[in-house]
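In structure tokens below, several structures.
Consider the two complexes below, in which chain A is the common component and chain B and chain C are the respective partners.
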Partner chain A sequence: MAVPISDTVRPPRPGARLLAFARRETVTLAAFAFLVLILLVTVWPGLFAAFDPLRANPSQAYRPPSWPHLLGTDNVGRDLLSRMVFGASASMPAALLATSLSLVIGVTLGVVAATLGRWVDAVITRLLDSVLAIPGLLIVFAFLAVLGNGTLPIAVAVGLAGCVSFGRLMRAEVYRVRSLTYVEAASASGVRGWTIAWRHVIPGAIRPVIALTALDLGASLLTIGAIGYLGFGVAPPAPEWGAMVAEGQRHVADAWWMSVVPGLTFVLIILCANQISRYFERGNQR
Partner chain B sequence: MSVAQEGHPPAADLLDTDGGALVGVEGLGVAYRVKGASVDALRDVALRVERGEIVAIVGESGSGKSTLATTIVRLLPGNGEILAGTVGFDGTDLARLRERDVRELRGRRIGFVPQDPMTSLTPTSRIGPQVMETMLIHGTHTRPAARVRAVELLREAGLSDAERVMQAYPHELSGGMRQRVLIAMAFAGDPDLIIADEPTSALDVTVARAVMDRLSLLVREHHKALLIITHDLAMALRRAHYVVVMRSGRVVDGGTSEQISEHSTHPYTRELLENSPHLRLEHVAAAAQTTPRVARELFAPTNPETLLRATGLRKVFRSGHGRAAKELVAVDDVSLAVPAGSTYGIVGESGSGKSTTARMVLRLEDATAGSLTFRGEDVTHAKGERLRELRREIQVVYQSPFDSMNPRLTVGAIIDEPGRAFRLGTARERRAKVLSMLDAVQLPSGFADRRPDELSGGQRQRVAIARALSIEPALVVLDEPISALDVLIQTQILRLLRDLQEEFHLSYLFISHDLATVQNFADYVAVMKDGGVVESGTPDDVFCAPRHQYTKDLLTSAMHL
Partner chain C sequence: MLRYIGSRVLQSVIVVLIAFTLTFFLLHLAPGDAAIARIGGAGDGNPEQLAALRAELGLDRPWYAAYATQLLSVVTFQFGESLRNGRPVIDLIAAALPNTVQIAALSLLVAAVLGTTIALLATYTRVRWVRGVLLALPVLGMSIPTFWLGVLLLMVFSFQLGWFPSFGSSDVRGLVLPVATLGIVCSAAVAQVLATSLLDASRSPYAFTAMTKGAGRWRLLLRHCLRAASIPVLTMIGLLTGALLTGAVVIEMVFSRAGMGREILQGVEASDFPVVQGIVMICAVIFVGVNLLVDLLYPVLDPRMRRAMRS
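And now, the complex of A and B:
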């Protein structure tokens, strides 16, 4: 590999690197901005909603997207934008909680399995494999049957079902990093096992896990939407995106926007999560 | 150093006027775009290669020699850009040719032998189709004709077993065989020019010599032009008609091999010549004969002052279960004794078991049989805290300064790591220790806050040495500590290691594939082959009066690479 000569570097103009980054990662920045917007909507729904999401107004029913109902109205005349905005505060916190739970449990299982090895590794790996063999939604419903309905049980159920991929990824990454020379060098220097794991192995293994976290956020949101779509989760008339897709389906001939708007929101969020995940996966150096 | 010039046809003068040179590079300037900045890689480079000539481009890493080679075949990485100059090839200017037309030339008119035989062949495809590919793509042969020609090419490249090799997958072949396959592939399109980028640096010396012999022979027989890119000036002088020395993207010196080796007045060329490790093979005068006897007694297993003693070390790697179980004897019955304050060298080619021996001494690998004593205490099976106590006394410096430190830590944290692990002193005392170690390896104290990727290879290796010495061990295992470094840096690091040995009264176990380095650096030498020691003694014993045929072969190959 040719290494460029250091004494002839023509320094970039100030701000050129930032500009180059923005030009290179326009799509990633846009994706990030959209997710930030969704988060803001989740935290301060009142700021974005012009109407009461629950108040029916039959005279305004089936209005297509237009002023003042930017995303139209539904079959009983409720403002779709306001329902979407308040629907975010039903789905997003559950998705965030589920992903955090998957992350913490999965990473812990992966690190413990790979670090202790032997029978501990065998037990954890078999456990994760057998969970993986069962369809995710089935596991979620099994948990819901035990935990009961509601936002928190849904988050916990989705989080537990999702920790499998984190566990497997972390275990594989720990094994990979542990075979690197610098980890062996630390061990040959006399550094103790857990110190090596904490200082060298986990920081080296965490990058793909961050990528998976972004991806998993999208997936959790979709699972939670699916639960709502099937009629579980938040009870009507409270707005919930999955339930709104199901509701809209019944009126698709009269008001296509009722199902398309929440459906498209799912698609957009998942695309954004994908984009950000891929950014972390390849690293910001190009 | 004398240069073998026999057998080379007389060649035209390097500075001859333009008429009919195969390659004529003029005023070439190339730059890379890195993070928004433009970095010059080549500046005003000129080069001529005639048919039937062997020209070597010699330079250290960062000299631009590989950039020059890739520019000629127009395979610059995506961020590379030709800024100025022409790349004349048989009358056309490659620098301005369209990609489609360049593709016509690659393989057909210009053959390329890549550096790394391990990664340069497609692992999922058999050798036959890979050799035939060039002929089929350019439509020079029908499929049956290409098959016949491929067998012929492999045979010419020195693979007598060509029919079997055609059917083999790359992983079934050794490194030397793969490099021969790559040479056969370079000749497949019957090109006029062959470019070989460090064709032997990934190979063992005996294999490298055979490969270079074959390449030179083919070039001479078929009247091709050969451009060798190499860091090894001695090899370039022995193999090429003309040698071009590059540094920092410029051609600093050039001439016939004889002119360069005998009459070059350029200070950089002279420095390179003087720092290439030399084997001293003439018999040492009678006056020096007493030293070997002292050394022999010092290194005798019975010497009471021995720091580390290994007796009958054996390592067997097992893989698979039941019927598929395989055993590989990596090390078999190796004994060695390292006295305090001296250097024990182990020399051997890849697969000889020298690194496995070092790993057993470091207790990173458990010995299958044999014993290991340190300061008279049996440490063969030391575990837990006892093993950690042993690690305090035995430290290691690895071959690659790029892999052996965590890129996320600062240099200060890296050097501090062993001291921190053993809780030596307060944070403030350890910080002072880090600074004094940086000073000991001649790095400025400001380096403590830098990260490894801001350092050059030589600087990183100094950091690795500082880390190893920071807890004042008695023995340091040096596993090929200089083979990833440039020649001039190698000399500096060896000098540093020698100074530190004197200052701290260190013992070294020095592992190397390079005979000349071991001869100059070690007090005692063991030559390993196939897991066993074939010969051992003082460097003068082993290198000036080798008894074993393998040692003789090694020496001959090193002398004539």
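And now, the complex of A and C:
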């Protein structure tokens, strides 16, 4: 029996689909919006800060969060919100650079290892294992010992340490995709390895790679924050979130907000990054 | 079986050797000359001083000669002498390492107990919101910077309540807050992995068999599911070693305790390469050693792997 084409089942209007998506993924969208806000703050801190982040004003010292100092003031009366805003341009670019480095180097190594195979694969795999064996923070310390203090060596070191997970993911992804029937068919009909990598492997791997990128951004920010807390990176009095936690610890008895505000900022950003990561991770199953 | 052990040990040795080579090239062939970096602003442009320092650092020799000497000394766990005070690096590490390992090991214990409890309760409960809250805890835990949690616990438990000292390594009470901090952060990873694998195990055919034979929910979870579900956790713990070591280093600085943290920070600030390299290598050896142990434990814990190896 022929199935009549029913006119009650219409393709949903594009607006309706968008609305359904927004309803289903409210949390992910909120996380994304928050990260966009943080990026805007990083690029144009002047638009978001009401006060000079460096000017001390002793008469306003130790003000708890209230109007006009929404997040309070520190021990010398500097506005904490303005310092947080300008601190973004210290921590965020370093984390973004580190993650981009991990992404580019890691993905390249992974694809090369799995595509060329044999001894190249063995060498790259051992190399990645060895980098993994040195905890990320120690790689940063080694770089700082050689190159001296600075944001750039920190970002490069964090980026190199982060390569491992991208490399392993891409390598596994290439092997997975290559065993799919249509890719086997392509390779049997004489398509070259590099063409297969470009046409089939990379499009298939985009989702897990985006998921890992978001996760790695959060992890890089955490490492860079820890380094800042330990006193490396941006020199004071310029604000940096990790260093602000350390400053807050020195005045913990007088001003709890001085360490709570930068700490909570870390938590929020990393929660948002992880939420986006989880969205892309499960995406394919929907 | 012997072949499995042999190949694992060999792989671990190769990984440590490559890690050593990487740090060697970083510390000795870096574009910024190590000697210049060390003298810094103090003796700028004094060629004699520079030459003397280069000789002392072994920078005047060809790289392969320096590599061979260093390799020999690292294999015998002699990392040379500190550039600051001439003390053998191995003595310095021997004095600092126990403090750090103590914190890391106790934190691992806390993380294992706390993580297992959260995962078991989340799998056991049938109340939706309780499970939701329990499963949200690890997500939150993974987003908290270790150093900040340390500051928070200090704020509440030593400044507000006055229960624990805020610094120092003298007595046992000083250990509570550092271990709690690192334990809580690391328990998040354990809880997340175990909750996922417990859920898988509780849906498996053998869990169904046990249920039809009348096993209660606790018995099912503890006797039948936990053992199978613990294998991914073991892998996780191997990988956590790095986080535990660096976490301990950071936590030592939060609570002003003596240990590897203080040594490596002083080493970095003074560009004291032997100290930095020694600590990096010790941590790499510990990481590789723990993961080797984990690899060797799989067949002990999982009979299926033993059978696979025999055939």
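Rule of thumb we're sticking to: the second predicted complex is superposed on the first by the 271 of 286 C-alpha atoms of A that agree within 3 Å, B and C clash if a C-alpha of one lies under 4 Å from a C-alpha of the other, contacts with A are read in each partner's own complex, and residues count from 1 in each chain.
Here is the rule we go by: a residue touches a chain if its C-beta (ideal position, glycine included) is under 8 Å from a C-beta of that chain, and two chains touch if they have at least 3 such contacts.
Every value quoted in this text rests on a predicted model; they were computed, and no experiment measured them.
Colleague: More residues of chain A are touched by which partner: chain B or chain C?
Modeller: The partner making contact with more of chain A's residues is C.
Colleague: With the two structures laid over each other on chain A, which partner does A:96 touch: chain B (first), chain C (second), both, or neither?
Modeller: neither
Colleague: Could you look at A:267 and tell me whether it touches chain B, chain C, both or neither (first, second, both, neither)?
Modeller: A:267: touches chain C, not chain B.
Colleague: What is the contact status of A:20 with respect to chain B (first) and chain C (second): first, second, both, or neither?
Modeller: In the superposition, A:20 touches chain B alone.
Colleague: Once the shared chain is lined up, is A:138 touching chain B (first), chain C (second), both, or neither of them?
Modeller: Once the two structures are laid over each other on A, A:138 reaches chain C alone.
Colleague: Now for A:181: first (chain B), second (chain C), both, or neither, which partner does it touch?
Modeller: first
Colleague: Now for A:195: first (chain B), second (chain C), both, or neither, which partner does it touch?
Modeller: A:195 contacts chain B only, not chain C.
Colleague: Contacts for A:210 in the overlay, against chain B (first) and chain C (second): which applies, first, second, both or neither?
Modeller: Touch partners of A:210: none, neither chain B nor chain C.
Colleague: Can you list the residues on chain B that touch chain A in the complex?
Modeller: 32, 34-41, 43, 61-62, 64-67, 70, 248-249, 362, 364, 388, 391-392, 395-396, 398, 400, 403-406, 408-409, 417-418, 420-422, 464, 467-468, 471
Colleague: Which residues of chain C touch chain A once you look at their complex with the stated criterion?
Modeller: Those residues of chain C that touch chain A are 11, 14-16, 18-19, 22-23, 26-27, 30, 32, 34, 37, 40, 139-140, 142-148, 151-152, 154-155, 159, 242-243, 245-246, 249-250, 253-254, 264-265, 267-268, 271-273, 276-277, 279-280, 283-284, 287-288.
Colleague: Give every residue of chain A touching chain C within the complex, in rising order.
Modeller: Touching chain C from chain A are residues 126-127, 129-139, 141-148, 218, 222, 225-226, 229-232, 242, 245-246, 248-249, 252-253, 256, 259-260, 262-263, 266-267, 270-271, 274.
Colleague: Would you mind writing out the residues of chain A in touch with chain B in their complex?
Modeller: Touching chain B: residues 1-5, 7-12, 16-17, 19-20, 180-182, 184-192, 195, 199-200, 203-204 of chain A.
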